[in-house]
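Down below is the structure, laid out as structure tokens.
First chain written, first letter: the chains are A, B, C, D, E, F, G and H, and each begins at residue 1.
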């Protein structure tokens, strides 16, 4: 497979880098870092840079791997530890229809929320963080209702019972992307409780991504926030 | 087994009626109606009346069976169709520390809520019904916050994502009994989503009973509402 | 509760009709028809009409109930049997950024797809139906790729293994809303297989709603398609 | 968010400390220690102390983190290793309607039971410990029946098959709070077996909290034990 | 396949009747009635009678099918409606080491218990029925402890939380066969809760058969009760 | 969509008939009958006949629908009730490398086995039926071992514990296709137990299809049996 | 609780040692080693020795803990590493009706099988080990059929698909105790596949214990093997 | 058991080596390395070599164990780290009907794919690797369609949503063996999502093996690829 000529993909032996995604979907390839070595990630990034794709995100990247990647890729690679993200190139300039509000239930949901926030910022969005406003203390959420209502898209990040998505969904007219997290214990079943709750939300306008998938939420929110604008 | 002499139980062949529960637990036997014929239920009620137990509740009793039971037991048997309950004898006089507030997410949760409400009323409690105040329209719930906060015990009844329990739990200082219902479809999995959500409630002071178990919630709420009072 | 004065909700005894949702969220109350009698639905619709809300949708409404509702509500109530929907009032005029494409895997997914399509049309969107293009015969889908790529939002409806969402997600730059259906047997587990597959989609830009929740997908698609436009 | 003026919450950047919970619910904020650093916990405790909240509990706190917290918070912070709890300030004086009995099935359930016991003691309750009285040796439980029956509230802590809750529920007239534990192996499925058993208890008056949630049980027991008394 | 000569099996086209089981296992073929027509069952019974096997049991046989079978097989076929069993031939004479005690949690468990009891009686055992002695009213069970302790084998039949098996297991020195039943609702999940509880029993000497498998329990109990005796 | 010109698919409004599958995969379209009306099925069959595809199978077709289809399609439509299959056109002539052996555990597995057998026969294979040879009476299976070993492909059909697949897998050198069935009750969980068992088969050379998917097994067996032969 | 006078239990603070189990059930207390420290185990053993109970087993005991226990208890404590068991005192003399055969599917099931074997030997039984005879190579099992058929009780230990229990159950007339093991990967789900398979065994006379519960199987087998003999 | 004379198996105490599998199934014993020590593996390999079996594969063998095995077995033992496989003896010469194509969704699926590839190569097949062609970038797969269509058998290896199997199944006329992998997170549930998706594939001709079971897929593919050829 390596060396096989292919106009829209470069085969690296271990990976088949998609060169036309930028054209096809308006975004470059995103690298899922969990199952790859630092060397593989660096090689993919260097390949993508060569064909002019930027910015490129690497998700689920721990600090140790990131250090090796940084060495091999160079100064235009940045590590964002709050969201376990690596970024090749500069973020896009801020644009879109409005802000993306990111709401969390508790402090432990923050790494997932930051994965979403930094993804959205990289893709050129202004993000408003509304953290630790779980429904057990409703007033904390209600005091931020203006920020919520002025957003174009809302991302609701919560573990445990995941009630935040329904409550937020009832407060706003914007699309709500719910991200269940694996925060909790016992009958939380590593995020299953929050996932099921969010899928059954009684609020219309809510859709759900995979457990702990902050990247997916940030990416989709950016897409929606850029609806009808030139990309 | 029938005829076997036993000071605290009467064997009817198909059932072993517990005669000392009134003394032991302050409440008479409760008859689970789902797996019994009308004839069996009537015989159990007549036995319990003979030893002076009253009131006695029959749960999960449909209207058809209830008619037959009524015929065989007599005028002190009442059918309460909203809660699918039969009652032998008069309700106890209203007492307890305060009111029991029963909150529901939606119209479809009402039969379970009524099972709880009528159970609590039978056992001598004043019940305040706060129905159809799901978290998707938070203002409906918030407008009843005074009723909620003045209750001694709160029962939160909800299907789908079950978020109501957490929100209510954060608003009150009273014990909250959460009842998941089988209302919903798809990933609601017949009440599993609501059950898991309620077990993971981020609000302290919430405990949970079985899916659709309105009786259990009403019974427990009555117990708590009579704490420290003469029974 | 009935008769209780409340500026933003009317209590009907069995339901608490939300009168300010139009203002708060840009859409009127939606009535979940499954757990309500025809009489209750009619009364809710008449109440909402009185305060000027229109159009109003009733979901999961069977033909028999719909006939009774139609009688009690009058000629501005329409039944849409393909999507098991009732509608009070006229659809909104077509608007939004572009079209909403609705893609299905097979013929059996059509009722869910129609629930989505008719919801979106009621809310003022142009819908393009691309039905029975499951991934086992990929050319059927690929022959419609222009329709897909010109849409503002795509709804992917599929049961069984739910692979359609990932394939569609890789073909378009628009947000994709995935709707798992309960079509299938055995290890489909009533839609669970498709639900899990869609949540794990390797394509970015995909989010998921509840199994068989065509309404939710249509509603959310409309919201996204009206981003940045006056509502 | 930090610095944002808010009369009832102080934003620390990573957390949004709830200052009015004492007024609203009669108890101060409780800190879930599992997902926070020692530094974050210390900062939250110092903030809560500044506004006069005491006592404050930190749950799921390991000994190592606790040592750091103790250093930064000072001598009014106490670590209670049996229940993995940290406590700021002195316990409330003992009060309430009566005792709280805590029953366990086996030695391995003890850490969860202690979390409940120390929580209840911190909140001003007298606790009676009845440990290692699993139903396989019924006489051990029956020999303590007087202690059980004289309690105001009973907490039943058990893993494996969780039968203890039903047996205890049948012996007492007080509310029973059942805590499934993750003790066991194989088909115990980390507490699921005990959880399901407890939810299906054939004894009335039993409600359930999350697996291993000793804190929740102790907190709720205290609430019930203080019913009708001045707090 | 029909007509194929085979010394130890007779092929009927739809079934392959095992003629040597009596020699191999000391018991004749048992016919699982649920998936067969009355005609098929009758033909199998007539075949088994021809080769001298008796008694033969047919499980999960409803009354309607039984009537047809009786017509086609003749007077040595008996229908036992309490256990949904058909029997060809006379029961074996009572023998074995002692009695088999069958204990149930509630009235609804009785059909499963009778399937076990009638199976054991057919295979030549004396059965002692101890019904409706669920652990919520422990004294009912304790009053029968002599009957329990004098049995050679105990069968514990219970739905809901299945706690009966553990309690009985702690009271006796005989082997205990636990039969979970599908009695219950909600989180009973059609017998799963009781099944898991029984598998995790903290009492040694307990083993478990499938949900509602009264036949299997009765058959195994008979085997154990005839240990060391001539069969 | 109907009327849309497309060289390899004919849109019927409700279905998108795949006309090139014969060329692409060597087999014509197969119609999943469960979710379609008799009218839809007839129209699809008539379309496929028009373009020369034959034979065509309709799966999961009940007798009533089949009668209507037969009327509208004509005499070259045959209904095969043992396998709930409809067939347009004549079976292909028998060919392939050898026989396909189909083995079942019990009488109740027969409908699924016949779906497989009739599918394989339609596609031009000789089928050997080895029915009701469950592993509880191993000699029945062992007496047919020559038939098993002389087959090119073996299909093992079993419900309950699904052990048949492993035992057969250890006896033969041919590929084994395992079909779990929904036969059983209780912890069989509608075929889940057999499915999991078959996926974990300790015998190499075994692969698995969906629960009750006789068609899939017969189709795949035919493919394998025609390996290296002209199709 | 420590020091509390109780004729049939000694409270150690952390444990409530059952002193009358020997009388009640013919066997002394068994100590579940997994959740206890070496110190606790030693103290329990010393207490039991003081009241004359012997032999006593400690299950799930790793080598490191065992060394400490041995030091504190003395030379009559033996560690049996193959079964992760500790034993206080000498095994009982061999007795019972006959042998206990223990059959395993593969080498990895051996630790669980040894737990069963050593338990049974400790309780005075002759054990015949028939290891690594999984059903994929049936002849290995069939070559040992005489050993199997001459046993009084058979224990079948298997992971993966657990088919061994059904095959063995069909070969013998003795009671079969099935032990699912957590051997396997993927869809074995830590023993769930084997557990479900064994519960659904089509062979009569099979009952099941918890996953990996070798002790329970050995204990129950001993009970059955001593039926009708003086204990 | 060791030393027991047996013409078709050699008992090593811990294992019962199957000597006749080569004759019975055309392949030698395969050793599951996960649950065995290096010493046990070496002894089994030496035994199999003594009776002339070659090649022999050892699956799930880590590098450390492999080093010890190599020392004890000698130079005809090879370790293949990409597939965690050990091999005794030389691969069989390449034969069969054609090639085996192995397709993966992403880089992380590669170890499972290599287990399949190296197994198939050892058993004498030509393998074509088509890696990292997940359905999110369909063109990468479509560009390899000639390689796919010219294969005799296709193995589709994918985690996450497992859609690859259905898409590939629709493109080829060869049998497709689907291997779900445990790649993914959250609602992937360690391969369950991909497993269910593959079992529900809407493409005919697809069968499934256990999660991560590359060996099973490679073995079965080799069997099918050698259909009708001399082995």
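By definition in this document, contacts are C-beta pairs under 8 Å (C-beta built on N, C-alpha and C of every residue); 3 or more make two chains touch, one makes a residue touch a chain.
Values in this document were obtained by computation on a predicted structure and should not be read as measured data.
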| item | value |
| --- | --- |
| Touching subunit D and also subunit H, the following chains | A, G |
| Of A-C and E-F, pair with higher C-beta contact tally | A-C |
| Subunit C-subunit H separation of Cα centroids, rounded to whole Å | 45 |
| Mean-CA-position distance for subunit G and subunit C (Å) | 57 |
| Centroid spacing, where centroids are CA-atom means, of subunit G and subunit H in whole angstrom | 36 |
| Residue numbers of subunit D (touch at least two other chains) | 106, 137, 170-171, 186-188, 192, 195, 199-200, 204, 210-211 |
| Each pair of chains that touches, named by its two labels | A-B, A-C, A-D, A-H, B-C, B-D, B-E, C-F, C-H, D-E, D-G, E-F, E-G, F-G, F-H, G-H |
| Touching residues (chain side subunit G, partner subunit D) in the complex | 1, 6, 8-9, 11, 14-16, 18, 20-21, 32, 34-36, 40, 60, 180, 182, 190-192, 195, 210-213 |
| Residues on subunit G engaged by subunit H in the complex (per definition of touch) | 106-108, 110, 129-133, 137, 139-140, 143, 183, 185-188 |
| Interfacial residue positions of subunit B with respect to subunit A in the complex | 105-106, 134-138, 160-163, 165-167, 169-171, 184, 186-189, 192-194, 196-204 |
| For the subunit E and subunit G complex, residues of the former touching the latter | 24-27, 30, 97, 152, 170-175, 177, 195, 199-200, 204-211, 215-217, 219-220, 223-225, 227-229, 231 |
